[in-house]
Structures are given as structure tokens and as C-alpha cells.
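The structures come next, written out as C-alpha cells.
Both complexes shown next keep chain A, but they swap its partner, so chain B is in the first and chain C is in the second.
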Partner chain A sequence: MDSTTSKAAGGSSVGSLRPSLSETMGKWAFRLPIIFMVVFFALPMALTVVFSVFERTMFWMEPGFSLLAYENFFFSARLNNFLSSMYYSLIAVAICFVLGFPIAVFLRKSVPQVAQHRVVLLFILPFMVSEVIRVFALRPVLQRNGLVNETLMDLGLISEPITALLYSHTGVIIGEVMSFLPFIVFSGFLAMEAVPKYIFEVCDDLGAGTVRRFIDVILPLAAPGIFAGCVFIFVNGLGVALLPNILGGAGAVNAGLIATQAIAALDFPLAMAVSAIMMATLMGLLYIGHRLFDLTKILSPIN
Partner chain B sequence: MNDYTNPWLHRLKWAYMLLIVVTLMSPVFYVMYISFNANGFGANEYDFTWEWYGLIFSDKLLMGALGWTMTLAVTTTVIGVPMALLAAKFYKRAQNKVLPVFLLLAPLFVAPDILGSALLVFFKNTNIVFVTLGDALGTGIFDGWFDLGFMTALIGLIIYTIPYSFVVILITMGRYNPEQTEAARSCGATAWQAFWDIEFPQIRAGVFSAASFTLILCFNEYTRTSLLKGGFDTFTTVLISQMLNTGMSEQSYAMSAFVSFVAIAIIGGIIITTMLRAEMLARQHREVAEPAAAN
Partner chain C sequence: MYVSVYKIKPKVKSAPLAPPHSSAKVKQTMDQLEFNRRQMLTIMGGAAAAASLPLGAFAADPFKLWAPGIAKVGGKDWAAMEKEAGISIANIAKSARADESIQKMVVGDGNKLYDAMTDNGGGMEDALASQGAIVEIDTSKIPNWANVDARYKEGGDAADTIRHEGKVVAIPYISNADSLAFNHEKVGEELTSWEALFDEQFRGRAAMQNDFGPTLTNTAIYLKQSGKQDIVNASDMTEDEVKGVCGFLIDLKKKGHFRTFWDGVQNGADLLSSEEVLVSSCWEVIQIFAARKNGQDIRYGSMKEGHQAWNNVVMLTKGGQERGMEDSFNALANVYLSPWFGSRTLAGLGFTPQMTGVNEYIESNPDEFDADTKALLTERLARKKERNENPGNAWQNVFPTNIRAYQDWWARVQAA
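So, the complex of A and B:
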């Protein structure tokens, strides 16, 4: 503390002598990340709309106006694949919510405050292992002679291995749940900050049952965070190509896979059209969420 | 019903939570288990061996990829974490918080393949624009700025990791009282001194956690890196190409297990360090509050 004080005291002369140039530069330094994100994130994402209407050439694209990429998307099996991936992604969201959100409620309600963050760290553990490894590792677990089938057969619960667990839509849903479940715990945990602990006692005192307490009290209060977590899982279910690529069978194609396949086929306008459609889907969802629940409330615990 | 009226229900909830964690980790544990089997996956007999680990360390391609991965991860951390820190400070002061929040958290909601594809096409088109501009000006200095390679992969990874660092640092900053900065400034400290000597020591844990997360996330990342990296290989791209070309070989299991061990060790280290630090701080507080009792 002494050194700090002496530095601070000594700093007065330095501070007054130093021209305001450093302060001006400092102000711009704070804006640097925002400028970076505008140039390398917002701009490329917005430009997907522009690039999607460019004319396709043999190996690249050239400026022009063509809706061929959208035609290729909307009037082919791609649209069906996209819609069915939405359906399976929604199932994954529902499973994640049912399995993961009660954990967030339990953490906030019953675990002492000092221990809560440490328990949340436990859910970061699977997330810290590469998704590539976690998804690939599901193959030996789910396949015909894998861990799940062997265990179930050893227990005598099944006589024949279940083959629908892998290379099917079920496999993709299992992959999505295993990959994204921690996020509903994180977002639920943040969302539950909006539900003070005394609420549970008030509900008990007023005689509200568990179901009524959940539907009428917890859900409306925690809605912004729950919605954000669900949107995260939904769009990643639509956009992570690795999941249908590794775990899916015939017909398991999502938007991410359509985009990467288009890039591999050098159809860049189609890849951009898929990206633009995904961005429109995301923006639409966030707009609806914001109108319904005011999503800025999500960060209120941090503020 | 509260937890004290039915302790068994409370224990059941704990058991359920731990079961979910173990289930989420089970594929990784299973891969670790297989990686030590001399006979590989699906064999009837289990013979413990280190052989597959020896093979990955003698693999020159893999070790080269490991070098690139580390360089990329460290560079992303060195640039990305200070950027997240600056962004968090900007956010705290900003009148209108919607724009910074949107820009810094939106990458979380954009799927990796979509972001990777958008950046790939953006960089290629920017390159074309720059070359055309250079030709018009009669200079070649703009050529190749955004050729796919280390820098484009770096930009992709910074965009990917900055939301995580931003949130972690912001959470730690929430515990810092900004009046301390005002006090330091009124005592004559420069803005930098007030930050470095007063604020930083209090948010250091968050910054180091953000750095560790960024390192691990970069090490594990595949999609964005593979789309934007250009010519070189990273650990995950080698892993994926080996898995897709030859299937899950014993060596692939060992590689996967090795990376998972490192990630778990780092996160485990963070958990243990925070617990020990919290314990130490609590003890110091007790000693200050009750000097006689502490002796």
C-alpha cells in the first residue's frame, strides 16, 4: 500500500505535466474493441446479404444481382433439411431446458452463496474439452458395440443393440444436448439472479405449490435469461455442421452443413445466402425476445 | 417444502446434478479409458499401455501443428484479453449500453460455420478490393493483407473468444468500487496508475481466468480455424483429418485424451487456486478483524 501511495503522490506532477494526448489516445483505446467488432464482425455479417446476390463464377463470385442462391435454397431439398433441423433443434432445446434449468433453480435456491460459483465451474469442465473431441467421443459411446449398448445389454435391459442412437436424427439430438446443456445451466443461473431467495419463502407462506410457483413466479422473472439460453442452443443446433456431419445419418443436414458444403463446392453466393438466412432468423428471434422480455435485463446482475 | 424438511430430497438433487456432470463428461472419460488400452477400442482384453501417447509425441506433423496451435492461442490471448478488458471498461462508462453489449455478445449466437464462412468470403473480397485499389494507385503495398493465414485465423479467434473474456472480466469488475479510482485520481494518480495500482489487483483474478479460458478455447477450436487458417495445420485440424481419413485410430484416442487432460488440468488448477485464494483471503480478514483470536 505504501508503494501505491508514494507512486500516487509522485504521480501528481507527472500527471499535470503530461499532455492530454495520452488521455485522448486512451479514450480511443477504449473504443478500439468496438471498432474491431464493427469492422470484423458486424460488417462481414451484414455483407453476407450483399454477397449472397452476387453472380456465381467458376471459382468465385462477381458483383451483380442474382437471386439464384436463394432460389437454390428455397426451391430444393435444402429448405426441407433446414426446417427439419429447426424441428430437431427445438427438441434439443426442450430437453436441455427440462434437464438443465432445474439445476440452475436448485443452485440458486439450495446451495450456499459462496459455493454457487464453484458448482457452476463444474459445468464449465465439459465445455472446456474440445467440441471436436466430445462429438467424436460420442461415436464409441453410442455405436452398436459402444458403451451405452454394452451396458444396457450387460444389465439385461435389451437383448439387441439399439442402432438408432447413432447416424440418425436421434444421434444429432443427443449430440446437441451433450454439447449445449451447460449453456442452459449458465444462462439459467444468471437468469435466476432476478429471482430473490425470499420469493421461495413467500410462495411457501402463501401456499403456492411447486408447479404454480414455477409457472407463475420463477418463469416470468427468469424469462429473459432462459430465452437467451434457448436461442443460443437453437441457433447452434442449426449452425454447427460438426454434429450432423459426425453423428447424423441420411437427411441430417443443418444450415451450417449446407454453408460448408456450398463452400466446398465453390458456391460462395449460396453459402452467403445461408449465412444471411441464419442471421435473419437470429435477428428475428432476438427482436421477438426483446419485445417480449427486454433482453437487456440479462446483464443486470453484472451491472 | 424447504430442503430441511426432507434432507433426502436435497441429497437427491445433488446426486442428479453430479449425474448430469458425469454424463456430460462420460464420452471424454471413455476416450481416456480406451486411450490406455494396448488393444484399442472394442477389444475383449484390456492391457494398459503408454504406447499410443509415445506415438503422438514422435509424430512430426502433430508436433508442428501443436506449435502453430500454441502460437495462435497465445497471440489470441495476448491481444484478445486486453481488448476484452478495454471493452468492459468502455461498457461500464457507456451511456448507451445496447450497442457494445450487442457487438460483444452477438458472436456467441452466431454458429461457428456461419461466422467462418462469412469471414472467409469477407477476407477474400477485401483482398480483391485492396489489390484493385493498389493497382489504381500504382502500388503493391495493399496486396495480401487479408490472405488466408495466421492473421485471418487470429481475427476469427479473437471474435470467437472476446464474448467469454468480456463477460468474465465484467463479472469481476462488478465487485470493484469505482470510487476507489476517483479517490486515487484526486490524490494525484494518473489514469494509468489508478488502473494499474488500484483497480487491476482487484480484477486480476478475472483477467487471468479470461486468459486461461481464451487459451483453452483457442486450443480446442476447429471450425473457424479450419476455414480461415490458410496453409498451416492446428491440433484439431490434424485430429479431424486423421479421424475422417482413417477413422478413430488408437492414436486419435490418445490425442483426444491428451488434449482433454490438459484442459481439465487447467480448469482444475483454476478451481483449486480460487478456492485456496478465497480461503487465504478469509483467513487474512479474520486475522485483521480478530487479531487476538488469530494468535
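So, the complex of A and C:
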């Protein structure tokens, strides 16, 4: 029945049949994020893949189909650079987990509930400072005549400065841990929502030791959140060009720096290919994580 | 002979909306409606007058210059440059990255945004001119062009860096011949050969730039001049030559020779001042900043084999010309070619002036340059002359013929 008919039939108002403005707005409030994601995320991602097979020109690229950019990536030293940056990112992830997850567990287990979120907020504070400055600030700490070396030498623990702390893979890993540790604390904190406090008491009552309690109870319950945090750190380790640039040794690179250098040399298809490969790596990791841990559980309450 | 100050008055002032002194009187003598009507008519009249003016009338707009901070002297802002040129400058910060320039000027909307821009000579001027992004410059309208360094007039590599198809499309404002900075106190001697950079006594205490252009060129100059590798043109190597140069660097890198490859002025200066490295091939400004930081005796040598020479140029965009900004550009270019600018960029950042008459300017302005500064600048200028005249020098080439080989082999150096 259209509005004209209804009006003629009995005088019911038009407004009662048409969706109200607030209803329409409500629908669009849900659609807007989808539109935003499609326009600013899915579409650029798709275009990245499309551009990666374009033909390179002197200053830009032109439509075509060429796998030269991928060939330039997979059959050159860039692949070695990419793989080695994956390796060092994995080390950073492991260190972040070892240092950060216990903090999250401690927060959930031992800090009063009213104070938990406030304590977590403390980990946001470093993000108030530009990452460039934070990373640069590591230099005077780690360098040859920096704080660490001077202190160790003053204490008589070393006679020569340790040079491996800076301009090395170690330096990059230290930078990654410093930059990304809060992420594992946040995700671990959220993941621990899946581990109610009484679980700790039950474990104590049943006589489960700390290690067994961690491996058999906490870890499986919190796995989806931990995995999400680890992926975040891993992908940032691959992509943030700043860290190898400032803290890395001669020619230290990661995927982000490979793409940046390709752009600097006006090789846009290669830069797009590197980005596409990074995206594929991320998607692959998320797929594996989902199969192993069912990542939808991150958003599900324990009960 | 030079013209130290070359001022151009803004050509047209925008039409006034109303006489500035009249509004109060108007408010007292007529009602609000009448006032609004008259005011509206005045505004409409002004708008109509503005619309009827030629494009050149907008020359009173600020001159939009896309350039890095090193393109200015005389303070933290552009006031001194504006005063000297007699124009209003709106500076938009720019990096030194070629891709950024190409993206904006060839693919993007740079011509709408900028009246002039700076970039590296020796490649960028050709790239931009060939794409119609910049236009020819009428040097007869730049009085100080008469004082430009002779090498830009005589033909050859330097002259090529400001020309496209024989026409002048760029004005050089700074240049240098990059060399080796070293910690004299620790090294204990004056270094005059690139040999030192690759010598095992500095294993783990040496650095080079994280950029295949200058790093491969300087290494090639060393290998060529020392007879270690046959290289025809260190600025534009063949694939085999690039392979040989990179093989040399890879071998050294595997031995742990390089502490790091630096990026940026701050990074390069920190490396030297913190004594992480004792020798580093770098820009002179890095040596100056490193020496200033802790007062160390960090020097900039002259290498007997030669150096990579480079310059930075300022160019008039096609959009700038279309908007009638040519006179403003010429005024700014005239300042860039004046000893006023040359002496200041030499003193502050250590860049080579692009004009004659700098020593005379310094001599004739004792209130600006005290005796110590004068001696320092004279000595710095003499060393620059020596470096610039080295027959082994090779000019920067932003786009070498085999750029892909440069990129690919540089990736191998990084991966080694």
C-alpha cells in the first residue's frame, strides 16, 4: 500500500509508513564505516595490486600487465632483505611477548579492577611523543659513549664499549621492542578478559604450578588476543622504515624501507609490489591465526 | 660587478573595498540599510574591477616557493630573503627527494601550487623541463646573472646542470664537491685520499651515505683514479662497472668495515660528533654541524682522486609563469646570485657560492663578518676552489642511464 492509498483509505499519516529521519540516519551510521573502509582501505589495497603489474615508465607507470616488479623483488637481494627483516621482527615479537604479556597478566590478576584501566593508560603516554623523537632518543642511550656503555664502564663491568647496541640488528630490535611493547600489553590486557579471576584461584586450589597454569590455562584462553598483538608488532616491524633507518647498521632495511627506496628511485610498480607482498603476508598470517585460534573470539565474552 | 639589492615593488594593489577612513562617518550619517546597500555596491565594484584585471595583476600575491630550509639565509624565517628580493615569499617546505618532485610536478598538481621550486641539478632540470613542468628563464632580466660562476657559462658538465636542450631552465644557488669528514684529533693526520675511508685501520668506524647516487659515485671515483677498476664515467656507469663498485663495497661490508650508512644531516652529524665513526663521506654541512656540536676537531678533507660535485637549482614553474610570477622569480634569482646570499650560505651551511665577488663582499662588510669569520670563510672558499677544480670530479647524475642496475646492486650491498 503506498502512502496515497493509505491516506485515502483512512487518514493514517504518511510519516507513520515512511522511515523516520532518525531511522534513516541510524542505518547510515552503520553504513558509513563500511563505505569508509571500502573507499579508504579495500579500494587502495586493490589498486596497489593492480598498479604492481603496470608497466614502469621514466617517471610514473602506465596500464599494462608485467610481472617485472615481482621478478625484481623475488629474484634479487630484496627478497633476502625482506626475509631477514621478517626474522628480526619475529625476535622482536618474542621479546615483546616475554616482557609485555606478564605485565598484562599482572594487571588483570593483581591490580584492583578500578585501577586497571588507569594503569593501562600509562602505557599510552609514550605515544604522546613523536615516534621519531622516541627512536632518536635511543641514540644517546645506546651509542658508543652513551648512557649504557658509560654506566657499564664506570661500574667496571666492561673495559670496551659494546658497539652492537646501535647501528646493528640488535639496535633495530631494541627500537622495535621499545616502540611496540605497549601493543602487546594492550592486546594482552584485552585477551585476559577471557580469563576470569576465579581461574587463578581454581588453579591454586587444584595445585597447578605457575608454568602449567600459564601454558595449559591462560595461554589457550588468551591466545586470540595475544596473536592479534603479535601480528600487529610483526607487521610494524616489517613496515616501519624509521627504525632500521635510524638504529640499523650499514644497509639495514625492512620491507617498508625497500618500498620507500623503490619510490625514491621512481620505481612505482616495484613499490606497489612490495606493498602487495606485505599485504599478502599479513592476510596469510591472519588466516593462519584464525584457523588456529578463531580470532572472532577476541570480540566474544568468555561466557 | 654585482647588484646587491634588486627590488621589485608589488605591481598592483588589490582594489580597496571602501576608503579606510570613511566607514565611521558613513555609519553616523546614513541608516543601516543604506549603509549595507552602499557597502554591497562597493564590494561588487571591487570584485568587478579585480575580475577585469589581467593575470599579472595577481603578482602582488605571495611568491609560492617550494624549497627546503637550506635555500634561505639570514635567520630562521624568510624575512631577510623577502627584504632583499623585495617580494613576499610563501615558503612550502620541500624534501630533497626526486620522487616527491616528480610526483608533484609531473603527475600531481604542483604547477597549481608552486610558482618556483628547487631541486638537484644534473637530472631534475631535464626531467622537469622535458615534461613541461618548468619553463625557460630569461637571464637578461637577472642582473646578477653576469656574476654567475664561469663554469655555468662555458659549457660542460656544470653548464648542463642548468640547461635543457641548450636553454637555461634553472638558476644554481648552492653547490659543493662532497668529500671525506674525519675526526682529526683521533685520526692524527690530514686525510687527502679516499683510501682512508676504505682502510682497515678504520674498520667499524667508517660510514657512507645511504643513497646509491653519491656513495657509488664517490667509490667509483676512488676505484677509477687509483687504478683499481676501469670506469669510463663515474657519473654514469655501465652495469658491469656498477657491479664492480658494489662488489668492492660488499666485500668491505662483509668484513664489518662500515658502522652504518647515514641518512640525513642530523644522523650524519651525530655519527661523527659521538665518535661512532671517525671517517665519513658526507656533505660539508654535516662536518660543520658535527664540529660545532662538541667543539671537536672534525675536518673536511680534499681528496686527491676527486669528488662528486653537485648543485641545487631554483626553477620557475610553468604555473608560476602563467600566474605572472616571472618578475618575482627574477628578483629571487637575483638574490640567489648575489654575494649577499653567497657569503651567508658559505658562512652558515658551508655551501659553495655560485657567483663571483664573495671575497670582495666580505671584505667590504666588516660589520657583518669579523676578522675570525673572514679568515674562516676565506680558507673555506679556497678549499672549495681546490676541490671543485679537481680533474677527477664527477657531477651528480640524478637519473643515470642504468638506474635499474644501480638500484638492484645497491639492494645487494644492503643485503650483504
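Just so we're on the same page, the second predicted complex is superposed on the first by the 272 of 303 C-alpha atoms of A that agree within 3 Å, B and C clash if a C-alpha of one lies under 4 Å from a C-alpha of the other, contacts with A are read in each partner's own complex, and residues count from 1 in each chain.
Assume a residue touches a chain if its C-beta (ideal position, glycine included) is under 8 Å from a C-beta of that chain, and two chains touch if they have at least 3 such contacts.
Here the structure is a predicted model, which is why all the values come from computation and not from measurement.
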{"item": "Chain B versus chain C as contact partner of A:G256, first or second or both or neither", "value": "first"}
{"item": "Chain A residues touched by each partner, larger count belonging to chain B or chain C", "value": "B"}
{"item": "Contacts of A:N145 with chain B and chain C, given as first, second, both or neither", "value": "both"}
{"item": "Which superposed partner A:T24 touches (first chain B, second chain C, both, neither)", "value": "neither"}
{"item": "First, second, both or neither for A:P182, with chain B first and chain C second", "value": "first"}
{"item": "Which of chain B and chain C A:N72 touches, first, second, both or neither", "value": "second"}
{"item": "Touched partner set for A:W60, first chain B, second chain C, both or neither", "value": "both"}
{"item": "Chain B and chain C contact sites that coincide on chain A, given as residue numbers", "value": "60, 136, 139-140, 145, 262-263"}
{"item": "Residues on chain C engaged by chain A in the complex (per definition of touch)", "value": "97-99, 102, 106-107, 127, 131, 204, 207-208, 210, 253, 258-261, 263, 266-267, 270, 274-276, 399, 403-404, 406-408, 410-416"}
{"item": "Of all residues in chain A, those that touch chain C in their complex", "value": "58-60, 72, 76-78, 80-81, 84, 136, 139-140, 143-146, 163, 166-167, 245-246, 248-253, 258, 261-267"}
{"item": "For the chain A and chain B complex, residues of the former touching the latter", "value": "3-5, 7-9, 11-15, 18, 23, 26, 29-34, 36-38, 40-45, 47-48, 51, 60-61, 99-100, 102-103, 106-107, 109-110, 114, 118-119, 121-126, 128-134, 136-141, 145, 147, 178, 181-182, 200-201, 204, 210, 231-232, 235-236, 238-242, 255-257, 259-260, 262-263, 268, 271-272, 274-275, 278-279, 282, 286, 296, 299, 301-303"}
{"item": "Touching residues on chain B, where the partner in the complex is chain A", "value": "1-3, 10, 13, 16-17, 20-21, 23-28, 30-31, 34, 41-42, 83-84, 86-87, 89-90, 93, 97-101, 103-104, 106-115, 117-122, 124-125, 155, 158-159, 162, 167, 170-171, 174, 184, 187-191, 193-194, 197-198, 213, 216, 219-223, 227, 236, 239-240, 243, 248, 252, 256, 259-260, 263-264, 266-267, 270-271, 274-275, 278"}
